[in-house]
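So that we are looking at the same thing, I have put the structure below in structure tokens.
Letters A, B and C mark the chains in the order given here, with residues in each chain numbered from 1 onward.
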Amino acid sequence: MVMVLGPVADVPLSRINPVAQLTAIGIVTVVLLTSLDIVTPAIVLAAELCLLPAAGLTDLRDLWRRTWPLLLGAASVGVVNVLLASDADPVTGAGLALRVIGLALPGVLLVASTDPVRLADALTIHWGVSTRFAYGALAALRLAPLLVAEFEAVRLARRTRGVEAGRNPVARVRLLAGVGFTLLVGAVRRGSRLATAMDARGFDSGITRTNARGSLLHPRDTWFVLATGAVCAVAVTVSVLTGYWSPVFIG
Amino acid sequence: MARPAVHPSSADTTERNPGGVRWRTVDIVVTAVLGVAFGVVFWAWNLVGEAASTPLDFFPPIKGLLNGVYLMPGVVAGLLVRKPGAAVFASTLAAAVSLLLGSPYGGIIVVYGLVQGLGGELGFLLTRYRSFGWGTAILAAVTAGLSTATLDITLYYAEVAFGLNVAYAVFTVLSSVLLAGVVGLLLVRALARTGALSSFAAGRQRV
Amino acid sequence: MGRDRPSGEGGASGTVAGGPSRIVARGLGVRHASRRAWALADVDLTVEPGERVLLTGASGAGKSTLLAALAGILDPEAAEQAGQLTVDGVAPHAARGRLGMLAQDPDSQLVMTRAGDDVAFGLENAGLPADEIWPRVDEALAAVGFGYGRERPTQALSGGEKQRLVLAGALARRPGLLLLDEPTAQLDPAGADVVRAAVARATADRRATVVVVDHDAGPWLPLVDRVVELLPGGLVEQPPGWRPARRTAGLELLPGADGPVLLTADAAGFTYPGTATPALRPTGAALQGGRALAVTGPNGSGKSTLALLLAGLRSPTTGRVEAAGELAAGVRGGHRAPIRWRAGELVTRIGTVFQHPEQQFLTGRLRDELALGPLRSGTGDAAARATAEELLERLGLTAFADANPYTLSGGQQRRLSVATVLATSPRVLVLDEPTFGQDAATWREVVTLLAEQRARGCAVVTVTHDRDLVEVLADAELAL
């Protein structure tokens, strides 16, 4: 499991402010969602792949671990659309598969380069996201690794009570659901205590919160967003010129 | 009996009103905890879903049955916290957490989380955040299911025949009613019985 | 209608400069909404500014309720209050800006992923400008003796270090009142020492009034000026030089007698997949019926891992764990290794109690919880129910027969988890820290119960840091 909930290693892409990255993701998402051809996602995806080293994703095994479900999903989308389209066309199918990857990869890049705390800082400072919700979410996020660590203990605890699933898949699902419930009870209790602890440190005081770390926007952030826009523009232009362009809401 | 001479703390008047809009810290954190917990469930379900969906390829709309899991956080949070926005917050966060853990759908999953949360929220809005029993649970599950089916069809299955897409929507809603609605409400009630929800109206009264 | 309440925390900066707080309680009573009896009645208490007071008493005496009242976090819908309680002359909720708290579980108090950010959290909430925050953070980290620097990921810290960090987070806000709620209850002895040393160091300047709440009074005595104890009759001021009664005093346990060896570990070791260092180095042990073995050793020595191997929950990666023919009799397939037994076979042979009882609860009622093991091992329904009722009676939990196990107090949960294991009458008992965080009464009950099982011919293994337990119960000690 890719447990990227703690502090993230510093990579070149970390120097781009999270809100600039999110803006870029927004641009890419809108452009790809409205394109049903193969050329646009191919060009955008190529540009995204160029950013992999900047996000520290140079180790192929690490990259595969982060993306294999995504690649499978893309393949499945491609196949389904070819099999079920009224006029089956492998190029459309491949285009849709590339589109899925093109949509998903920016998220992988963001996660690999952005610390959740910095993300919360940037969201609250630049986009006016409520500090109470942002840092409340951050506090809850800390509990995720604890849940994962507790999972094994709770699973073993079932056996000590005479409960195990063996090879019966229905029993396995029931067992898993039971383990999940036990974990959830613990997490909700812990969350309630955490809220008390946060209030004891003035989280609910009504005073306007300051931010000790800050979050600065640099010219490079603007350039990053502009470059993203440029890549998308090039992609769409090439698509139109080659005659492949097929926007989703027209014809 | 003596009248309390000291008015105890955190006596926010809005707390007395179950539909009160003000979010206490415990509302925020526990909603977020639900989001995080379901984010981990999403992560696992994404992997299971990939494997489970392959044999379903003979009739792809039936894959809608796998969608119910994704609609659980919104409906569960709405039923548990009973505050406007709880469904959206939990659902979006769950999606974001599954992204942090590695999602096959990438950044777009956050859009899904948002839309699915809004879908669930619509159900609670329609009952004006006043009742949180079976009717509301099923209604919110239906609206949540419709929201995600609509998004899926628009984004990914635009080329697929209309009839198949209707079937897909029906299967999605069915799965949502079962998992998000029925299992969701049972889950909230089971949590209430453990005493873990003592800070919430959902934990104090039997619906 | 409430009285007028201050809108902020009592000052523009939120962390008001000012001396230590003064606490006055007069005839204070608290009653929980669901209960008929008062959880706390007629409490009179004055704590002068800068004083360090220990509030002790058995579980259920109302310590937590009093603490919640002092912290101003009693929920008005769930609790009714009588009498008077003030902190610096105002109601506790109005004084919350001047409060610092340290509770039991470090993981439900840390907010941020880096140490420095977490200490800064409370200062950001107070609206301090960024350039004033970091000096205050460094000062607080130094005050508690935290040596890892601001960038340290909180996840990588031990329990004691986490608590030290939480304390720094509270002190950075320069509280007038510091409330410590059993801050060492979830730590091993080394971690507990770390926390007490940090408290001693950080409160030596008397800039804050300190109230420590703990049922385990002994270790705090050198740190506090006075001790008040909550007894069933009310709050009692203990005289200087007071020491708590030893929990082992007058305890008479049934002796055991040498029985046959039931289970052996032969150079059994365990390494988690994907890790290089073994969690448990090859270890030998022989569990004898009628005898109690204590497994001790520092954190990370593999004590709990050994318990999992002996309990048939994990398979050793080196060596063997094997049951004697007597214990393995009747197992399908004749397997000698407990890990190969089916769960239903395991529960009638080896009973295991985890450190956190709630991880083992499976049902929504105590009654069902106790009947579950017998049912799973093939006992008939009527017999299983009868066993459950008998155990409820013996443990004094009959009144809670239909309650949800999660709603029990910590001590009751511990007794229940031991009882669920006894329900299937296993010949081997494996317990991980069975006395952890328990007050004297529960401690004695658990120890007595274990001695009874030993006298019955059971082999009892306890993994523990608890020296008292080793002293009174163990026939042998395995130090890892």
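Convention: contacts are C-beta pairs under 8 Å (C-beta built on N, C-alpha and C of every residue); 3 or more make two chains touch, one makes a residue touch a chain.
Here the structure is a predicted model, which is why all the values come from computation and not from measurement.
Trainee: Could you compare the number of C-beta pairs in contact for B-C with that for A-B and name the larger?
Mentor: The greater number of contacts lies at A-B.
Trainee: Among the chains, which has its CA centre at the largest distance from subunit B's?
Mentor: C
Trainee: Where the centres are mean C-alpha positions, what is the separation of subunit A from subunit C, in Å?
Mentor: From the centre of subunit A to the centre of subunit C is 37 Å.
Trainee: Centroid from C-alpha atoms only, then distance subunit B to subunit C, rounded to Å. What do you get?
Mentor: Computed value for the inter-centroid distance: 34 Å.
Trainee: I'd like to verify one number: the distance from the centre of subunit A to the centre of subunit B, where each centre is the average of its C-alpha atoms, in whole angstrom.
Mentor: 19
Trainee: Give me the residue numbers in subunit A that touch at least two other chains, ranges are fine.
Mentor: Answer for subunit A, listing residues that touch two or more other chains: 5, 116, 139, 143, 185, 190-191, 194, 196, 198-199, 203.
Trainee: Note the residues in subunit C that touch 2 or more other chains, in rising order.
Mentor: 73, 96, 406
Trainee: What are the residue numbers in subunit B that touch two or more other chains?
Mentor: 10, 190, 194, 196, 198-199
Trainee: Flag every residue of subunit A that touches subunit C in the complex, lowest number first.
Mentor: 5-7, 115-117, 135, 138-139, 142-143, 145-146, 150, 153-154, 156-164, 166, 178, 182, 185-186, 190-191, 193-194, 196-203, 205-214
Trainee: If we count contacts the way the header does, which residues on subunit B are in touch with subunit A in the complex?
Mentor: 10, 23-26, 28-37, 39-41, 43, 46-47, 50, 53-54, 57, 60, 89, 93, 97, 99-111, 154-161, 164, 187, 190-191, 194, 196-199
Trainee: Give every residue of subunit C touching subunit B within the complex, in rising order.
Mentor: 2-3, 29, 69, 72-86, 91-93, 96, 364, 404, 406-407
Trainee: Please name which positions on subunit B make contact with subunit C in the complex.
Mentor: Residues 1-11, 13, 15-16, 190, 193-196, 198-199, 204.
Trainee: Could you list, by residue number, the parts of subunit C that touch subunit A in their complex?
Mentor: Listed in rising order, the residues of subunit C that touch subunit A are 7-9, 14-15, 71, 73, 96-97, 99-101, 103, 105, 107-114, 117, 120-130, 133-134, 137, 151, 153-155, 166, 169-170, 173, 308, 311-314, 342-344, 346-347, 351-352, 354, 356, 358-362, 372-373, 376-377, 406, 420-421, 424.
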